[in-house]
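First chain written, first letter: the chains are A, B, C and D, and each begins at residue 1.
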Amino acid sequence: MNVIMTKAWYTLISLFVITNYGLLLGGTMARVRAKVQGRIGQPVWQPYIDILKNNFKRTGIYHGVMFYLGPVFRLAGGLGTYLFIPAVYGSLVFSNFSFSGDLLLVMYFIFFGQLGMALGAGQSGHPYSPLGVSRGLAQMTAFEVPFALSVIAIAAQYQTLSITEIVAAQQGGMLNWVAFTNPLAMVAGMISFLGMSMGNPFSVVIAPQEIPIGPPTEMQSSFLGMLQTNRAIFNGAKLVLFMNLYFGGATNIGVMVVKTFLIYLYTVIVDASFPRFRTDQSIRFFLGIPALIGIAAVVLQML
Amino acid sequence: MATERQERTMQEVNDSGLVGDRPAGLKFVHVEADQAVAYITRLRDVQGYTHLVFFTAIDYIEDSLFRLTYMVHNYDSRQDMGVQVDIPRQGASMESIHHLWPHAATYQRELKEMFGIDFPGSPGVDDSFILEGWTGISPMRREFDTRQYSEQTYFPRPGRVTHDTAAYMKENLYPSEAETW
Amino acid sequence: MKESNMDGLQSTATETEQQLEDMAKEMRLANDGLSEQDKGYFCDVRPHRVEPYKGIMESFANWARSQSLWILGFGTGCGAIELRPLMTSRFDMYRYGIQARPTPRQSCVFIIGGYASVKTLKRIVRSYEQMQGPKFVLGLGSCTVNGGMYWDSYNTINRIDQYIPVDVYIAGCMPRPEALLGGFIKLKQMIREGKCEGMNKYIDDFDWYKANQKQIIHDWNMPDYNW
Amino acid sequence: MVEMAKYDPRDKFPPVDAGSGKSVYNLHSGKYMKVWQGPQHPGITGNMSLELTVCGDEIIDCKTHVGYLHRGFEKLMERRRYIQCFPLVCRICVPEPDFNEYLFAEGVEELAGIEVPEKARWYRALTLEMARLASFMMWIGGQAAAFGMGTIGQWTVTMRDYVLDLFEELSGGRIYHMYIIPGGVRADLPIGFALRVEQTLEQIGKVLDDVELALMHNAVFKKRALGLGVITPSMVDEYGITGPNARGSGIRRDIRKDNPYLVYDQLEFSIVTETGGDAYARTWVRLRETRQSIDLIRQMLEKMPTSGPFFQKLPNVLHWKIPAGQTYRKAECTRGEYGFFMVSDGTELPRRIYVRGPSYTHAVTLMEKLAVNVNIADTAGLMVSLHTYPPEIER
């Protein structure tokens, strides 16, 4: 009983930390993007105020039960993704439930949120929403291929699917990271991470110019607030996951912050310097070079 | 398909019958309504006036006629030719030229809406183009008083004073210069 | 869709003014502009007045609202051309927590960019009603005040405040981006002071606004209030 | 790239009626969806709307709806004196109002028989080129943003703002200048104006280099823009296409060369053409014309006469009776042939003033033709690549 309670408290602390970290990271990256564009950019704490404002909206409309559940599923996907990843290796507080979950579960949760969002957006009845959903799911299926291939390569490399063991195997020096022991898998994974973070050139799902703005077209006040909260958690979780998979995890919170910041910076720089692909083009892209790299990584491990 | 009547009209165009020949490269010619389309067809096919610049109407309410103006351009001789056709104002109707230029149908839609000139056979000529749910006479006809309509319809904010510009400037701004012209 | 409580309709034994007003509030919208199979898709309940919170809670909410103003990306007139410099790096409006949203559901500031023709006014009304409250309207340019240049035009309205409530007017043709920023700062002050109750004003004078709108918009083929 | 299985995308489309050229389909068959793009849409230029019928992800039918910005200019001008029309005409086209002012002034001078002093004609040409520069800078940002690259827009629109500063110094107005008036121009150049223009042009040239590097050589942009909305040379005359849209298809037409107005016959420049005919070629044409107008401004500042009057005194404009007559004046604006058709009946008020905007054909007939069989995600890019501007369609 006592153990359960402490575990629950640790989980809450870890969730609180990752939420705030995700929000602050979002604000910081908005400023970075603004710097690329020659602007000053919004305040770092702007995401907090936006979420507050959206939750303080006086009216909000809903289109049915699934419309309610869509953001909930999305949030569940984000939480599930995070809760089975060790945020800080070896830490009691931040190694969440990583002992029980493994990589496949995390990948399932990454997909889960999108499906729930698709259900909710479908019931909103706006013609833009199904368009965005179809684009999103098609693109997602595409970038799951190189990601899954690189995950298989890593699993074959370390003979395990548990993230904790993968991180443990990468400890002791930079040269033990997957990025150096298995660079092909890292390349395939990081390319699919661009698609997962839905920045340019793979941002056609939520593009304002081509059909605004995809699935969340009808999401208003507190629904939108929930989605924004989830975006913060989900971003943090994805960053931590890729840090664990390819860059040797983190042994303390400082290392985690530095590594995730750099990984996110890479996506933002790409985002600011490219137009966006059409859906069919991005599918062709992901099934092209990145998929081949992933296959090569798997083959190299199988040899 | 050009009868010799259009041949003669063509000759007249090239020789004389021009209105307002400034600037160089701009000509205006009057054509009868029944032969206008054949004449424009000849201009496009034979004379090389391949570019329909615009197509509009002028409302001469005192003569109770509309003066349609087809402006065509010849890219080789760099000539602008304004073909002007007078049609009566009551039950105004004109042959359509959408088979010569597809975008002529758009001009005819606008003319139908703004002047009430009908173009039978022109695609979508009866659809509303600019206005929406407009009831009443076509706004570009001269008997339509836009100021009166606006004051009746759109809640003018009280307090606007409209001077007669000439009188106002004569009294207040340039008392000395007003009569110097 | 919201349930309208029928109590107001049943307890009409002793009609006082108050109860009559309640009944008027409970009356359902006609939506007579819609075709029969479309009526099911739209709400026919009259919009209800939403009272602000009390005390410190409302002031905190107003602070949050004033710090994140999301513009509806709808260039209704030529005033929209000055929004582009406002968004870009010279007059960087993101510094003030102002950003543009592409859908009316998520935005809370509606900028009427200058003159509004009748055809646009129809879309303005519909977009305004789709926005979730509290929502604020910025009248941009002289044309929204009194018709400006086009005061005698047959197709542009003279006063936008006859059709939707306006919080701040920014005069000029065209207003400079600095003037726009000034208007935004004024709007922020008014929001913090709790003066921007435009949505409740719209709901209180709902019938008057609707009458004005339907007087101009001849083919009314949209719901009377679009949730 | 992986070799994708070859399939004919046309077979899932409805049959096309040979007569009207429109596809025949039953909207309620559940196979097609009708999507309205605009007027409240970030991917639309100005305030207009496209009524798209999509089959899957591809457009099979497009209908343009305009009129959201109709102010009845032509009606208003019929009940105003010529000089009172003057503040109105520049409102027709917001990104580059100077073409309206210039053409209106030229028409009035044409009909009234007024000679414009030499210096004023140079000033007019200078203003027009600066307006062209500003409009193109804004367009490049729009074209990049239509494909999702907001960075380019942030750069170029800021540069446009510095051109607007020059306009403000010259005429006092940022957007609407009202600098070119009948009889000449309103004011002389400020002291040191040429120097500040030169500084701004240098900055803009640098930014254009960056844009060329970041946008035109961008693989993703090429993927999106190449082969989008191809205009074949045969379509140019059929649809009345003018300006960069025609020059992008290899048609060598430019009113500045063909019918030289103002001082363009004294400047060295060549007609910019591309052969692709698609959005990418049009982007190249406009980018190179932006550099060309920078060069033209520099030439003008060199060759410009320094002395002499810049304004021809008019009679009392309030009792100004223009002699009867009609004329058509045209100029090459950023979008194509911009023209004013003016009819005077000898009174103080114009009888009829018709404004010919190039977008009239580009946005309605041509757009409805080009949008068919285009992916719905490309609609915004196609729309912007035609550089349409609604107010000159409906006036």
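For this structure, a couple of remarks:
The rule we apply is simple: a residue touches a chain if its C-beta (ideal position, glycine included) is under 8 Å from a C-beta of that chain, and two chains touch if they have at least 3 such contacts.
Predicted model only: the values in this text are computed from it and were never measured.
Between A-D and B-C, more C-beta contact pairs join the chains of A-D.
Work out the mean CA point of chain A and of chain B, and you get 61 Å between them. In this assembly, the C-alpha centroid of chain A lies 43 Å from the C-alpha centroid of chain D. Once the centre of each chain is set as its mean CA position, chain B and chain C turn out to be 40 Å apart. Averaged Cα coordinates give chain C a centre that lies 33 Å from the centre of chain D.
The set of chain B residues touching two or more other chains comprises 130-132, 139, 144, 146-147.
Annotation for chain A: residues 37-39, 208, 212 touch two or more other chains. In chain D, the residues touching two or more other chains are 41-42, 67, 70, 72, 75-76, 79, 154-155, 158.
Counting only pairs that meet the touch rule, the chains in contact are A-C, A-D, B-C, B-D, C-D. Chain A contributes residues 30, 34, 37-43, 46, 49-50, 52-53, 56-61, 125, 208, 212-213, 216-221, 224 to its touches with chain C in the complex. Of all residues in chain B, only 19-20, 22-23, 25-26, 28, 50-54, 56, 58-59, 69, 71, 75, 78, 80, 82, 101-103, 105-107, 123, 128-132, 139-140, 142, 144, 146-147, 165-166, 169-170, 177-178, 180-181 touch chain D in the complex they form. Across the complex, chain D is touched by residues 72-78, 80-82, 84-85, 87-90, 100, 102, 104, 115, 117, 119-120, 123, 127, 149-150, 152-156, 173-174, 176 of chain C. Listed in rising order, the residues of chain A touching chain D in the complex are 36-39, 127-128, 131, 200-201, 203-204, 207-212, 272-281, 284, 287-289, 291.
Per the touch definition, chain D reaches chain C in the complex via residues 39-42, 46-47, 67-72, 75-76, 79, 87-88, 91, 94-95, 138, 141, 153-155, 157-158, 160-161, 164, 174-176, 391.
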